[in-house]
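Alright, structures below, take your time with them.
Across the two complexes that follow, subunit A remains constant while its partner is subunit B and subsequently subunit C.
== the complex of A and B ==
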């Protein structure tokens, strides 16, 4: 249209000025700052790759990295797995489907901070939900958050929090499969559980792939639940990259080093997403 | 039909076939599993809500019972000792402003991206998609330093600006995706009526694209309201702290006041839950289209 140039400029400028200054510039600047040592807020000295060397030799960072990867494994398997089972089941029923959809999804809308506090109460030794159930059954109280268990104890709320999200994605995908497919399959004599493995799952493979990539990259963003439930402890048994980055950059004011950990998080996220995409590459079914 | 296929089934498949899918037992099994999972989501919250109306002693002695003498003392405490009202207000000011800014600035940009032709379009589109991969961790250190330099730390703007920047790419992509599907005839008709680009946006494209604005608005609100990480860094002072920061403080400072903790959780969750029950479809769409958000 005539005179569009002016409007294009007017409409786009605010958005790209704001994202340019407060998203893209900080992203680049963060990479630069990972090469600096910062004392307090303003003294920065260029130290080359020293932060990266430090990261390589940092035992706690290594533990946080392995914890993050371990969490990623549990979270991906259980979030997507449980969501898939629930989606297939809800698809198989007619009565009450709406109710289950609502109740499965709602943990998503609750903030991690509230869920963290909720699980603090659930795990509490003195009169947490779990120990009260045990006591009512005539059993002994259990110390739920120990060095051995803490990682599992943060994995559970993380899984619980997001199952509904993958459930909705997968259920939507399943419901998109045309009925003819099932009718044809029934004529071929494919029924019941077989239908699930031979028809439903192959047809939603690309959605499953999306879910797995999202679950993997999502785990790297875990912060709230760990921060509130365990603060990375006891010791550093449940420390993850997100909480360690926060601790270094803002509690120990080692911002340059914090920036280095953030770079690690980004690189890890990108490469894992890339690898998963490659590994799961399969011919997609279109219909 | 069955005799033909059953030969090809393994024992396990035949077993499942018989007991899980063909029979009533199968249906019952499905309902049992689904109900169990929905219990895991409902029960903990119901437990919190119930206990928030008991005094701390009763929470300890009768944690599963209906409150014998319901009290709102915990809620009164939440307002008086930790000033939860103020945090509420802070949360709504911050997240409300973020939503308005994102929808306004993002809506205009989305309109240009979807309906106008220009050279840099492809580049900008790629840039927007790439920025969905930037997590908050990767920008927070420089953003914090910038906020210190501009003397904005612990003001509303310190969180409003980066939240707006962080959500704009997502908003532009979703809204422009929606606008791209609007028929060209409508655009031509409004030109005939003498609309300029700006009136075309407000009179035609904005009203038609409202569903996508709602989806984006809800998701951006949730994301901003629930974000603890950036809030701790940029707006942790009591004067401006949103409700998630308060929750985090309550957990570390009042960890033994169960009444206060349950009331604080209930108050954080209730508005969002009510909102969710009213606009469930839009929520689900918002959260799932926000899937790729960093």
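== the complex of A and C ==
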């Protein structure tokens, strides 16, 4: 046991050192920074909790928070939901499974910036793909990015981008289920859709839980797609916490206030991950 | 088992020592770190550094800026004449203000460039106050002779000069003459003609004004100028000058008249420029650097630049936004590095020599800070005429007010356009941020 402890210490040290330097130290610095008013990176004045008071009263920050939560809802439901359906379907086929696996996974390898640009060109009013199709069909152009629709329009590429990731996790989980279970279920008369609800999903629930936690925490990090497609607009209708933090910290050089928004993002991410874990807590299924 | 454990420990130690040793080698080979070394080592390192000097230069001459290509040629020529020097051209486009973030991050993380061509405005205040850049008048070997009045425009409030100009710029209303002629619309030289042009183009498939209401830097400035004239345009933000609010409200008025493309709130500056270059829009608010893009698009001859029509009492059409807001800075860290100083001074004098300045200015057609451009095409001449005829010239608003306040003003334009807020309210909020 003593020997084990040495190995544990030995192998964990590099990871601790690296996360310490690149994650915990900047995070502590970030928290400290949130108590300062900064202007142009060089002038810092200690202002206590004024940044937090400002955040509490900031209407745009509130809108960005609600937009982030709304986006989280869509992304979690549709990314994990679609990934589950696709994984079950691909698992059910014998021919062409490899093709579908590659196709569904493909968007993951495209950078967010490229997908953002792609969808900017799809939604563009004057020369965008969708409106060009409409004009060629003799129809009027449609303004795709309005105050009402912008968040949904940003959610679409976000979901598409990461469905493949959860698809692969869930497909691997499904494929690990021994075939005996299905054979036994068939003998018991369980068929078709019942198999999915009574067998597949209960057996992969721990993987589903992981996917949901990843989707929830991942949504809080959304930045580039929103920044490129709508720039948080029109107005602040699609502003999310990531884009608002970037604007404050880097465009306005208000690093202190940007750091305060970053603290909110971290607190929110940790709380949501904790709540999700608690809500989805269930005995692990082993087979 | 115990032996294996110790072998593993040894391997771990070896890897750790190798990593440390490798990083030390890298540090020693960087001339910028000579100051930290002991005296004995310093002598050896200085000798090595005099053989090889690595410089990093940050400018805004990149991306769609046609000066970028010429600037790289100029750097290559300097390097070929100084074989022991290597220069990393770390330039980045000025669009969307990311260059500000880059420069601020570089300086605050002790990774400053040796020289930079940057905004000598409110953006450089922190750098100057912290002593991060050199006072050029006191720097040994720096040649500041031969500049026109643009050099004096660089003088800081503390009386020193920290930046040497390269060229001036002007902003204005770029209009596609061809589209105006084809549609029988008069060029907008008065406010009434400007509004008439918006109305007339709005009835066609041509967008009257190519603009992003989110990235509305130039739109905000020109509408404030039109509503207040130069006297009010140069007011402080704290004054909450009513003409600024009126200017912001005029943007909504014109948006309602169909002045902008319906997705103006979500497109960026580059997209707006594309609309104009593809002749889908008749007018655009831009700066003199835009000529380079127009020439590349082969439409220089079809375009002319006009001053924003000013309708305010006491104001005069012809007053323009412009000046020389960018200049060459030398970082103090680099200047104080014995191994780099001579090369940095040489490079500075080379880049600010009349020959180089005229050559770079020639790529964009902007008025040079030394010498003059010859054989300019008529459309560029018109731009230079605009400057020489201007009764008053002032720097852009965002060059002199608190960045967060200006960002709030420009990013609130879509909300003003949609009727969610008013110019007065936005101005009040922006002034509150500056406090």
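The criterion applied here is as follows: the second predicted complex is superposed on the first by the 261 of 287 C-alpha atoms of A that agree within 3 Å, B and C clash if a C-alpha of one lies under 4 Å from a C-alpha of the other, contacts with A are read in each partner's own complex, and residues count from 1 in each chain.
Note that in this section a contact is a pair of C-beta atoms (placed from the backbone, for glycine too) under 8 Å apart; a residue touches a chain by one contact, two chains touch by 3 or more.
Predicted, not measured: the structure shown is a model, and the values here were computed from it.
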{"item": "Fit-or-clash call for subunit B and subunit C when the two complexes are aligned on subunit A", "value": "clash"}
{"item": "Partner chain in contact with A:126 - subunit B first, subunit C second, else both or neither", "value": "both"}
{"item": "First, second, both or neither for A:233, with subunit B first and subunit C second", "value": "second"}
{"item": "First (subunit B), second (subunit C), both or neither touched by A:145", "value": "second"}
{"item": "Partner chain(s) touched by A:103 [first = subunit B, second = subunit C, both, neither]", "value": "first"}
{"item": "Which partner reaches more residues of subunit A (counting touched residues only), subunit B or subunit C", "value": "B"}
{"item": "First (subunit B), second (subunit C), both or neither touched by A:250", "value": "both"}
{"item": "Touching partner for A:137 - first (subunit B), second (subunit C), both, neither", "value": "neither"}
{"item": "First (subunit B), second (subunit C), both or neither touched by A:118", "value": "first"}
{"item": "When the two complexes are fitted on chain A, the stretch of subunit B hitting subunit C, from 95-103, 149-157, 203-211 or 275-283", "value": "149-157"}
{"item": "Common interface residues of subunit A - those touching subunit B in one complex and subunit C in the other", "value": "3, 7, 10, 41, 120, 126-127, 250"}
{"item": "In the complex with subunit A, residue positions of subunit B that touch it", "value": "1-2, 4-5, 9, 13, 16-17, 20-22, 26-27, 30-31, 33-34, 37-38, 40-42, 44-45, 47-48, 59-60, 63-64, 105-106, 108-109, 111-113, 116-118, 124, 127, 131, 133-146, 148, 161-162, 164-166, 168-169, 172, 191, 197-198, 222, 225-226, 228-229, 232-233, 244, 247-248, 250-251, 255, 258, 261-262, 264-265, 268-269, 272-273, 275-277, 280, 283-284, 287-288, 291-292, 294"}
{"item": "Residues of subunit C that touch subunit A when the two form their complex", "value": "1, 5, 8-9, 12, 97-98, 100-101, 104-105, 107-108, 122-123, 125-127, 129-130, 132, 207, 214-215, 261-263, 265-268, 271, 275, 278, 280, 402-404, 407, 411, 414-415, 418, 420"}
{"item": "List of subunit A residues in touch with subunit B within their complex", "value": "1, 3-5, 7-8, 10-12, 14-16, 18-19, 21-27, 29-30, 33, 41, 82, 85-86, 89-90, 92-93, 96, 99-100, 102-114, 116-118, 120-122, 126-127, 129, 132, 136, 160, 163-165, 168-169, 172, 189-194, 210, 214, 220-221, 223-224, 227-228, 241-242, 245-246, 249-250, 255, 258-259, 261-263, 265-266, 269-270, 273"}
{"item": "Residue ranges of subunit A in contact with subunit C within the complex", "value": "3, 6-7, 10, 39-43, 120, 123-127, 143-145, 147, 150, 229-231, 233-236, 247-248, 250-254"}
